[in-house]
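Shared between the two complexes below is subunit A, which pairs with subunit B and subunit C, respectively.
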Partner chain A sequence: MRRPLFKKIKTNQLEISEELLQSDESVKNDYISGNLLLDIPKIKELYSYPKNIDFKVREFTIHMMGRKAVLFFIPSMTETKLIDEEIIKPLILAAKEIIDIPSAISISSIKEEKLISAAVSELNTGATLLLVDGLNVIYVLNTSSSAGRSVEKPQNETTLLGPKESFVERADQNISLIRKKIRSEDFTVEKMIIGGRSKNEVYIIYNKELAGEKVLAEVKSRIGAVQKDAVQNLGLLIQHIEDRSTSLFPTILQTERPDRAASFIEDGHVIVVMNNSPFALVTPATFWSFYHSADDHYLRFIYGNFTRLLRMTAMFITLFTPSIYIAITNYHIEMLPADLLLAIAGAREMVPFPAILELLMMEMAFELIREAGIRVPTPIGPTIGIVGALILGQAAVEANVVSPIVVIVVALTGLSSFAISDVNLNYAIRIARFGFLLSASLFGIFGMVGIFMIGLFYLSVVKTFGVPYLAPLTPKYKSSKDTLFRRVLKNEKFRPAFVKTKDLTKEPVQNE
Partner chain B sequence: MRAIKLLLLCMGIVCLLAGCWDRKELEQMSYTIAIGLDIPDHIDLNEKQAVDVTFQFANPKLNIKGAPGQEEDPERNIVTLTAPDFVTAKNMANSFVTRQISFSHAKVIVVSEELARTDHFYRFIGSALKEREVRRETNIIVTNEKASEFIKKNKPESQIRVHKFYQFIIDRSIETGLVPESTINRLLAITDGDADLFLAMNGSVGKKNNGDTFKEEDQYLAGSVPKKGGNMVQLIGSAVFKEGKMIGKLTGEETRGALLLDNTSRIEDMYVSYQDPLNEKYMVACRVKKKTATKVKVKLRKGPPLINVTVPIEIEVLSTPSMENYAEDLAKQSILKKKIESELKENLVALVKRTQEEFKSEPFYWSLYARPLFSSTKEYEKWDWTNKNYPFATVNIKIDVEIVGFGKQMKESEMEKVRD
Partner chain C sequence: MKIGGSLVKVEKDLIGIKEFFSVIVFMISTKATDMTTTKLFEDTFNAAWMVIIGSFVIILPSIIVLNLVLKKHQTKNLLEILQLAMGRQVAFGIGFILFLFLLVNTSVESRSYADQLITMNFPKTPLFILYFAFLLFCLWGAKKGWESLGSVAWMIFPYVTIALGILVFLLAKDAYLNRIFPLFGSGKWEVAKASFNYVTIYAEAFYIAMLYPFVKDHKTYTRGLFGSLGYTVLMMMILYLCYTLVFDYRSVGKITYPFNEATRLVTIGRVITNIETFFLTFWLLVIIVKFAVYLYLVSMLFGFVFNIKEFEHTLIPITILVLLLGMIPTNQIDNIFIFKEKIMMFSKYIFLLLPPFLWLILKVKAVRNG
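What follows is the complex of A and B.
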């Protein structure tokens, strides 16, 4: 029994080392030779030029240097005007002798690369490569520009008093949206590349004086460990790096509000931004960050807490109303006042199904309406709502298929579920309520309590990037106690300790 | 993965085996609102256990829009059958009642005085609590005539459903203090405590028009309230139970007195009229409220104990037909205060005397104040509150009246000026 185990480990090690080792020849081949006749075909071949029309090569001579030069760029991702005006024009029309290239080009960002592979990956993001005959260096000129929409209002996380801008699909724009809220030299953006084939860029944003090192290292290592040849956007990335991919509860927060992302950075969290994703990831994200909304802090103390109370109530209504209805009407009839009992009994007199079936049918119908509402083309969306909700409910009651009380229960549940603003938590709660419903129909309130306990146990076990899910409530951490309710802003003095931030207090450092 | 499959399997099995699969939907049951207990006509209770059980069911169909059933046939919802006890009667009734019968919403148990005066009453009620569905807060009503007759003749005002009738009339009567709160729980507690008297509501089917005798507003027994029209059923006064057996009755006034002396009861809205001390022809209508708990002090001495009782009372004068201006005259107020104090005291002393002589125990739950004076239950039981001590105790009652208001309009119109 021992031998195979031993062997396995050995072979594993071998495999890894094989992958890591790169043959010397390919490395040698990757270096720029400085001879245009050698280098141009190499790059052209990479992009299968001229078959590939989304790749342009522009050759010209720099008279003032007396050398030939060539530009490579991808027209769909570059600002052609910039190439015309700021690269080609100064080089061709130069009046004085050109000694070094960067002093002759009026482009803000110039980088020198020796490796073709590194230069090519820049080229893929919209940079322009400039090769000059006789210089064994590639100039990477930033000329990228791609099609995209401008900053718009947030769609999911709407607020009454907060800023009205939301993330867009361009990472640099998203970073600037966050950055303009934190004007500090500690604000750090790191880039990582994932996806073996598509080479997607991931930006990790944090405040280097605040972010917990453990969390940061964890985020980086998880992103680095993604083994996929393409990860298009954050929605997919999230599923690669989250703690439990089959868990009911989300452990990474997605927010489309730059202001929220900024406030998380200031609390020491780590934010991840990516191209093609109109939102940012917040890690670690505890249960409370899903429950909170941006307005809680923008509204005044009492109003903000009032909305928190409403949201908590809505959460409990969504979770429990259908199951309480089932539990009480099936098992705990004596809890009902006589009037309500007779009303329910009278209404159910004509209904052919047991209460649980009746309720499940209506809940399914509501979920269908909801799902259909997201998928239908926008022009007929409202119509679906009216047809689904009003006519279906009304007709079902008229036809004695369901009793009116069930319609009330389902409508109340559905309405309350909309008050939970986070999409992920919303799904979690909506699915969990079916668990409660089934347990209530089998065991009454006893079953509901059982499921609730199991749920609580589970929540207290889940971790998000090494942080307990219910922190700082349980286990207790030093924090501003911004959990169920928030405190007066003046008293919110601490950053949450669970992110292991380097500076726990929010008071400014006294300058001498 | 295998562990998860095993867990799922286990959970499935738990659900299948432990789930309650024989539960009933709530429309598959008939809800009894009132349960009536009578002595069967031709059976001797001393030889055989039997009881006439009357069930009054709620009719949920009243709730459906457009469905008939308002004045369908009230007899349909009331059934009477003879059975060994009222729990087994549930099943017997299913020979003609279609649904499972539930006691979970029973508001009252109506017992005829005839049955209440026998030893068998407590056996029926006491053992009924083994049945899970019977609520301990169900009230007991003792009726002068047969319980089945009381239930059948009870025709609440139009549109009010039966359970509403019992709920409202009982709540209201308890508020006004005309009947005591008489839950099964209290009956059991008092009877098992074996020291005090239990008061049950007294109800009766009166005649439709009843106008021959006239007394003060609360001095009636059930069935003799002068009135015309309305429901034939009335609740006033109380039946006195000693050791689970009915031994007498109290009028409405006496019941109110008992409730004033008892700290475990609640009276909220007691309207009483007293003779006007300044003009004896007229009465002063007052709203009487117990300010704080009645102070009861039992003092042990050689022989029977001394009991000092202080009843703090708040009074709001509601009407003075004599047009005496009490509101602005402190002297008149103190006359009124003294008058009320003496009248109340007179009533209470008479009541205490009656309980001492006639019932040989008290319905005020005063044993609660005697018990702590002993270091062990044994000593207390040997001392014997009910039989040896209370009937001979000296009871001093002190009434503490405070007049707190004179109604909305305080000043009276001056009759002489009006009539000139």
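What follows is the complex of A and C.
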């Protein structure tokens, strides 16, 4: 279904010569005539048939009807075995007279179309078109199957006790992965098509009894307003629909766990899924949803909160350790006990650089190792880590380029940053720490607090799909108070009110 | 329209009780950590904690009257009510005077904090650079608007409270209860005089009335205001008492920065002996919020007086003005003992007399109009 906003895409017509445009449009907008001699060339022309090898035409005669028929399909996106066994075979080998086609074919989904353009768009997604001479209707048979991997374990969001399946690159599989966790008639999947040229399908998933109307409308209108001729996957879509494109902090959550997506749907959020993306988008996503991980709720109350505490500590260490080191050694030396101060001074004695330069060098080196570790081919990945971290650090210390204490600081920071599970938040925090580092070298603790406050002020005005980023902490909303720590599961009775859900309480209807 | 009425909140610019509470607490209670303490201790020695209560008692009737006036005109702020009661000209006059007081007060106070920072923690940083950076942080906060100021204040409030609790707990080790005597310090009359002179400690309770329409409703405003004032008085009293009990009679009057000295005094065990930077962190958090609110208020007053609807655009020029004014005094002594004393001397009458006066005029007008 096309929405008014979506039509905006058509506003800027490209400079194509008039004739071309007309002929192309005219074929597409034609209705099927029922005469194969007329219809076949039309469709063949659309796909520039003999030249284009990824398009097949199969003509045959249905003897039991005494009519000619033709099949169109794209071999790379269809299950050819299905066409052989379930379409061609029954039609050719039929023993009894065939009265209507759907009763003669054993394919689960058959649709009838009259408009060529509608049929062609189905053909593009892997359906097979069946035309029979004398019948002015196109049968659209669902035979789609594209290459892809099967459901595997999550790569980024691993848990100890949660389910071990993750999204794949196929939208229909992803939807079924979510759906099997919510067996309800309220579970709704809407399809939108974006990208004027590549016709990418976007699936918007929500619970119609829970999702907030405002958020849902906002998501739809933002997706509809995307002005691009091709948006291949969610990683690109996210950049078209997020609130602040240049913001340091992410406002849309990407999760590769169906169970997490399902729990967000049950809280009234809206999920977006797309082909070619092994994850789903969660909107709106507050700061806390980036900080949380799936395991927090699968583990028991105390263990779950313990991991949250660790993660928070890790965040603070990542953000502040290098800058605190700089601030204290440069501005607030009295903080350190005398023995420690002497130890640090002794270790730095041979180092020719100022502390800030030393630290920036090591931090950069660590970031480089990390980036290289992601990009190198898998077999030599670990080697890079070992060579980089161990040998480089050791050699740098022995060459008196950096002091051992800086290696400790950088290693601690780097290790802690791995505990932040969300990829986007991870980047945000790793980048922000350089801001703290520079401010600490200029103004000590004062500069750090200043930058921290700037960040806090900034976060307090960011909105994600109309929802304050730090909700429900401030401004306050009714919720289960699942922010820094979580509550006992029995006491988590409310859906977060900031998504404007229609049903705020999570009361059980009646267990059978 | 049950959904529309109950669940969908109006989010624009309205803040809740927690946010309002923490803003006022921050704005006023920081006066137990700055040069106000120095002046108070100089005047009344170890009875300074009584002055906190005394001033509050003296100013309380005015605050209550002001609250009554505000309640009558739900959607209007203090200045709009002034205009309603006294006409455009007089309101302009009073507004302008208030603006001048607040502007000078903001620069004097911010300069004083900058001086305090430099003296105690950053002896090598140039004043202008530090002052500039400080106001820049505050400007950024003020630019984000009232809602954001409230949110941030509330976010840091619990942690600041915890830090303060730690400080008081650690100070208790060095405190001797007998140092509270002589109870009335330099004399009963002196305490009474000081209580009257220092009512401007609570001046923020009046300035904040300009933001009345931005608080969710009257009940939130009243509860937030009086709750926070009560809490503030208690907190300031505890801090003043701590200084007295730790530093002793007489000598407490000779310390320039009791708060910073107190944070230097405390130790955790025998190894960690200097944790003032820890407390400095939380103190900085608070004063950045405090002066961001100040800047916001100044520009709001400015916007009212000169009829600028989008007053947030004036924030940058106002901040520059504050910076320039703040750089005028040559040193802390000039700044506090000349400028601030003058402001306190004159402005206290406005806060004491304006609300009853306003109430009276509105009452007379109401009676006259039937």
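Here is the rule we use: the second predicted complex is superposed on the first by the 479 of 512 C-alpha atoms of A that agree within 3 Å, B and C clash if a C-alpha of one lies under 4 Å from a C-alpha of the other, contacts with A are read in each partner's own complex, and residues count from 1 in each chain.
Methods note: a residue touches a chain if its C-beta (ideal position, glycine included) is under 8 Å from a C-beta of that chain, and two chains touch if they have at least 3 such contacts.
Everything numeric in this text was worked out from a predicted model, so none of it was measured.
K.L.:
A:G444 contacts which: subunit B (first), subunit C (second), both, neither?
P.N.:
both
K.L.:
Could you look at A:P284 and tell me whether it touches subunit B, subunit C, both or neither (first, second, both, neither)?
P.N.:
The answer is neither, since A:P284 touches no partner chain.
K.L.:
Of the partners subunit B and subunit C, which touch A:I344 in the superposed model: first, second, both, neither?
P.N.:
first
K.L.:
Look at the residues of subunit A and decide whether subunit B or subunit C touches more of them.
P.N.:
C
K.L.:
For A:L456, select first, second, both or neither according to whether it touches subunit B, subunit C, the two together, or no partner.
P.N.:
After superposing on A, A:L456 lies in contact with subunit C but is clear of subunit B.
K.L.:
Does the superposition put A:K500 against subunit B (first), subunit C (second), both, or neither?
P.N.:
second
K.L.:
Contact-wise, after the overlay, does A:L470 reach subunit B, subunit C, both or neither (first, second, both, neither)?
P.N.:
second
K.L.:
Touch test for A:G268: subunit B only (first), subunit C only (second), both, or neither?
P.N.:
So A:G268 meets neither subunit B nor subunit C here.
K.L.:
Per the definitions at the top, what is the overlap between the subunit A residues touching subunit B and those touching subunit C?
P.N.:
331, 334, 443-444
K.L.:
Report the residues of subunit B in contact with subunit A in the complex, numbered from low to high.
P.N.:
15, 18-20, 23-27, 29, 31, 33, 58-64, 102, 104-105, 107, 133, 135, 161, 163-164, 167
K.L.:
Which of the residues in subunit A end up touching subunit C in this complex?
P.N.:
Where subunit A meets subunit C, its residues are 214, 327-328, 331-332, 334-335, 337, 443-450, 452-454, 456-458, 460-461, 468, 470, 473-477, 497, 500, 502, 504.
K.L.:
Give the list of subunit C residues in touch with subunit A in this complex.
P.N.:
Answer in residue numbers: 3, 7-9, 11, 15-16, 18-19, 117, 121-122, 125, 130, 133-134, 136-137, 140-141, 144-145, 147-152, 154-156, 271-278, 280-281, 284-285, 288-289, 292.
K.L.:
With touch defined as at the start, can you tell me which subunit A residues reach subunit B in the complex?
P.N.:
329-331, 333-334, 338-339, 341-350, 354-355, 442-444
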